[in-house]
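These are the structures in question, set out in turn.
In the two complexes below, subunit A is the common chain; its partner is subunit B in one and subunit C in the other.
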Partner chain A sequence: MTALVSASTRRLRAILGLTGGTYLVLLITILLPLAAMLYFSFLTVTPIGGRTASFTLKHYTDIFTKPLYRVNGQRSLMLGFQVTLICFALGYPAALFLARHIKNRWREALLLLIVLPFWSNGLVRTFSWTMVLTDSGLVGQALQAVWPGAPSIDLMFSYPAIVIGLVHAYLPYMILTCYVSLQAIDDSLAEAARSLGASSFTIFRRITLPLSLPGVVAGTVLIFVPVLGSFMEPRILGGQQAIMLGTLIENQFTASFNWPLGAALGFTMLAVVILIMGICYPVLKKHLSAN
Partner chain B sequence: MSVVGITKVAKRYGRVTALEDVSMTIADGEFFGLLGPSGGGKTTLLRSIAGFIDPDDGEISIDGKPVKNIPINKRDIGMMFQNYALFPHMTVTDNIGFGLSVRHRPKAEIEARVTELLRLVRLEGFGERKPRQLSGGQQQRIALARALATNPRVLLLDEPLGALDKKLREEMQFELKQIQRNVGITTVFVTHDQEEALTLSDRIAIMSEGKVLQIGAPRDIYERPRTRFAAGFLGTANFFEGTVSGREGGLTRILLAGGTAIFTRDEAPEGRSVTIAVRPEKFTVGGATPAPASDAQVNRIAGRIAGEVFAGNSVTYRIDAAGRIVTVYMQNRMTERLGPDAPVTLTWDPAHSIVLED
Partner chain C sequence: MASTSGRTGGIFAIGYVGVILLFLYVPILVMMLMAFNASPLYQLPFDFDLVWFKALAGNDQLLTAARNSVLIAIANTVIATTLGTLTALAFARYHFFGKSLLQILLIPPITIPWLITGTAMLIFFFWTGIGRGLHAILLGHVALSLPYVVIIVGSRLKSYGVALEEAAATLGANGWQTFWRVSAPLMAPGIVAAALFAFAISFDQFVISYFLAPVGVSTLPVEIYSAIRKGFTPEINAISTIIILASMAMMLAFARFSKFGGER
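So, the complex of A and B:
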């Protein structure tokens, strides 16, 4: 009995010793700041600079009653869905092509090109679009020179401009996650399906797509969540269209100095994300349990 | 059930020849083995029959009809892959039913067929499991059931037992043969394992470097190998090189380099250099002073024990005789042990001296 106890104690100690450091880092960098923000979201004013704050639920009741937040929340959700969908529509075929038809060094080179945008600053990248999405920019002028009377490509300060900027920023996530999933599928599975009489389309629908679903899900989560809270692209490229949940939150922290409201908005968004994941979970679990 | 015809098939990859002038006919219901070392072209041939490889030359036909222009998914073949290639996201039932389901067969028919096949491979009650919940042997049987589900005309097996451990492999050899017999399907399988080829096949084709060296029943190839490669790849053989020096009393006399003469029943023109193969179990090992040569129709050479490997029921001797090391298998029946360096006499029937073609 004593031997058993000491064995389990030793085991516990080993687990604590091995994982303790990681949990400490997570505690300091994520859990504590989050807890502080959660606390702030229930305060009347930002408790910095000698101001006295008291407890309130006002921010949360505002969020759920004032149309401003509901409308912009819906706009952000819509943006999230659209950007994710476009990333999937562009990224999945690209990943499939890369995994199936490109070999060896060409594949490495193309993968490098895909991750290349990550090496440049996001702000610089976004500002670069302002030069592309206008008729007076380099691209616009070149187009007019080659094709006088070409249709205008001036999309600056419009909703499509935000979508273009965000798709450009997040597309690599979808390509990479889908590529990893697709590449892990054994070629002999497709051969087996073909020998059993399946057409190329059937093979894709019943073998390739279901087996690459984990990559699609990972890409979707990696894109949808940050797009929901994005503020840089809407602000720089969106103009009049810039008001989104992300920019509203950013405003509370940078312009209005209303941290409690910003924190409350942030936690509401987190709750929405968790809610969406919760709704999708049973469906995903069914399809992802294979591997 | 079908006949597979292969006529002068060739396939090259750049300067590498994978298949060269390969011809054979696989009979209806036959269990046909392609045996050879890796890189010998056997897998290339199997994949050509399946349609994954398009030969440069020659013709492959099933039931007399060329299949060149029939795409893989219309060829009506059942193929079992070396790694089984079971669909990991589908249940065993869906795996087996896949071929019928892509043919849009009614649900009830698929269900009945899957049940029937699960019974055939003795895995009733495993239908709802996923492949990863099965052992290697079970996965292998599911892969076989899946390949048989559509009643294909030809069953192709790529190293069917290669991924199993030795004990399981022996069990599955028996079972695979049994199932093939019951179903009666024309089957072509690839293996590099000579024992697997011997036990499973009705006939074997020995392939090396893209060429077919010999086709025949396992026993025929074993007893009458035509080439040094065939003799050495299927079983073990001792080789004696010499010159034909005459024929006497229905036997051909071969003079070995050291001056020893051995005899064979095979005929060969006088003066030709030939290689003789003798299987290790055909020898009898006797004492240093042999019984008087009452029977001239026996090969007899003197030698010395150079080494011994004891394997319980049998003993492998390495015997230094006629200027070479001869491998001899013996049943463990002798009352005395033959010690190292003991002088012995090797005798064997001239019928077991096989004149090779190369």
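So, the complex of A and C:
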């Protein structure tokens, strides 16, 4: 009997010892901070430096009634949709080609080349577009030399510049997730459809596209969520007038020291993120279990 | 399918992917090239010069930030890889109450936008007196790296199962012998891949560091960001070139150890 008890205590101790460190870190870096943020979002002022704060719902009512937040919130959602859609339009064909038409050694090399810049510093990659989106730069001059009278590519500090920078940052996600889904489709399905007289387009529309949907959804979530929270790309490529939900939140913490408002904006954004995750979860689960 | 599309289909496909690769690489290559141009205003014609790399050697602010980044990345790699590997072991070996909850708790650090986790940490650390600084940045980086380490090491553990360890135990090996002679060598590639990944995450991380860095303390990305915002010179291109090349070398090493991106 005593041996049994000590064995289960030992087991419990082993589990605690192995997982304790990880979850202590996650407790003080994620769980408690999010709880503190929620608490702050209901305060009148930042309760630091001797100021006393009282409870208020004002920040949340402001967010849902003042046009400033509604307009910028809509702009951020729009940016998320546009970037995701362009990534899909560019990335899906690339994934399809990689999965269907490009063979072993080429495929490995090209996939590696696609993910390689992806893990290099995002800030540096955003910065690199400031070298390109100007007419006096290397690309602008080369374009004018090859094609005199070519349209200007001087797009710095404009909305299109933000979109280009974000598509550049997140395109590899879409290619990879779609590739994984497309790769898993059994070739014999297409062959069966073909032998029954289906055209290539029908096969794509009725078999390939629906079966690769989980990959598209996974890519969409992986792109839409961080774009919604982006502030560095709009700041660098969009200049001063680029106000997004992300830059608005950043401002409350770095410039205006209105942490409660920033916290309320952050939690509103988090609610949108959780909503998106909730909607996509059933499809995502399929994607994960299929691979 | 292959018979009808044939060779021309393959060439068109490679051409399309090539255009995508141009889009991904041209800005980076132009940025790197301009680090070697003498003009401080990025003016053409191109005039090869190493002046910006030399200037880098005398820029104490950037060098201090670079040293901070490397130190934090190393500390993060050691801490996150150790804690994450232990957790992956617990998940692989034991079935216990609350395990799936613990696994779900790994999702927030990698799915919630860094802007939100970063500002939440800023609030909490400031409020509780943990404060800002290199220690706070390190804590934040460990939190972001841990889920990836658990996933990478965990998938390695899953791939060979417990059969070999059970065999060792049957043949009379004790717990430590089994761990060091059987488990550890089998886990090693997963641990190395996870460590490389953790280093890269920390070294490239900007958002969390940005909110947790007090005035006068910075990491390389934070320093580069303020330089870009204030007005930059090709010195930023020079340091960025070094960062890009280092990151890509690490990614290639990671691909080797995790067999990522290729065969299935």
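Following the convention adopted for this analysis, the second predicted complex is superposed on the first by the 236 of 291 C-alpha atoms of A that agree within 3 Å, B and C clash if a C-alpha of one lies under 4 Å from a C-alpha of the other, contacts with A are read in each partner's own complex, and residues count from 1 in each chain.
Convention: a contact is a pair of C-beta atoms (placed from the backbone, for glycine too) under 8 Å apart; a residue touches a chain by one contact, two chains touch by 3 or more.
Just so you know, these numbers come straight off a predicted model, no measurement behind them.
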Clash or fit: subunit B against subunit C, after overlaying the two structures on subunit A? fit
Determine, for the superposed model, which of the two partners subunit B and subunit C contacts more residues of subunit A. C
Which partner does A:207 reach: the first (subunit B), the second (subunit C), both, or neither? first
Per the contact definition in the header, classify A:240: touching subunit B only (first), subunit C only (second), both, or neither. neither
On the A-aligned overlay, A:168 touches which partner chain: subunit B = first, subunit C = second, or both, or neither? second
Taking the superposition on A as described, I'd like to know which of subunit B and subunit C A:26 touches: first, second, both or neither. second
Touching partner for A:188 - first (subunit B), second (subunit C), both, neither: first
Classify the contacts of A:103 with the two partner chains as first (subunit B alone), second (subunit C alone), both, or neither. second
If you take every C-alpha pair with one atom in subunit B and one in subunit C, what is the shortest distance in Å after superposing? 7
Once the complexes are superposed, what residues of subunit A are shared between the subunit B interface and the subunit C interface? 191, 194
Considering the complex alone, what residue numbers of subunit A touch subunit B? 186, 188-189, 191-199, 202, 206-207, 210-211, 287, 290-291
Subunit A partner, complex, touching residues on subunit C are 1, 4-5, 9-10, 12-14, 16-17, 20-21, 23-28, 30-31, 33-34, 42-44, 46, 82-84, 86-87, 89-90, 94, 96, 102, 105-106, 108-109, 111-117, 119-127, 130, 139-140, 142-143, 146, 150, 200, 203-204, 206-207, 211, 221, 224-225, 228-229, 232, 236-237, 240, 243-244, 247-248, 250-252, 254-255, 260-264
Residue numbers of subunit B touching subunit A in their complex, please. 50, 52, 72-79, 81-83, 85-90, 98-99, 102-103, 130, 146-147, 149-150, 156
Under the stated contact criterion, what part of subunit A meets subunit C in this complex? 11-12, 14-15, 17-19, 21-23, 25-26, 28-34, 36-37, 40, 47-48, 90-91, 93-94, 97-98, 100-103, 106-108, 110-117, 119-125, 127-132, 136-139, 141, 168, 171-172, 175, 183, 187, 190-191, 194, 200, 225-226, 228-232, 235-236, 246, 249-250, 253-254, 259, 262-263, 266, 269-270, 273, 277
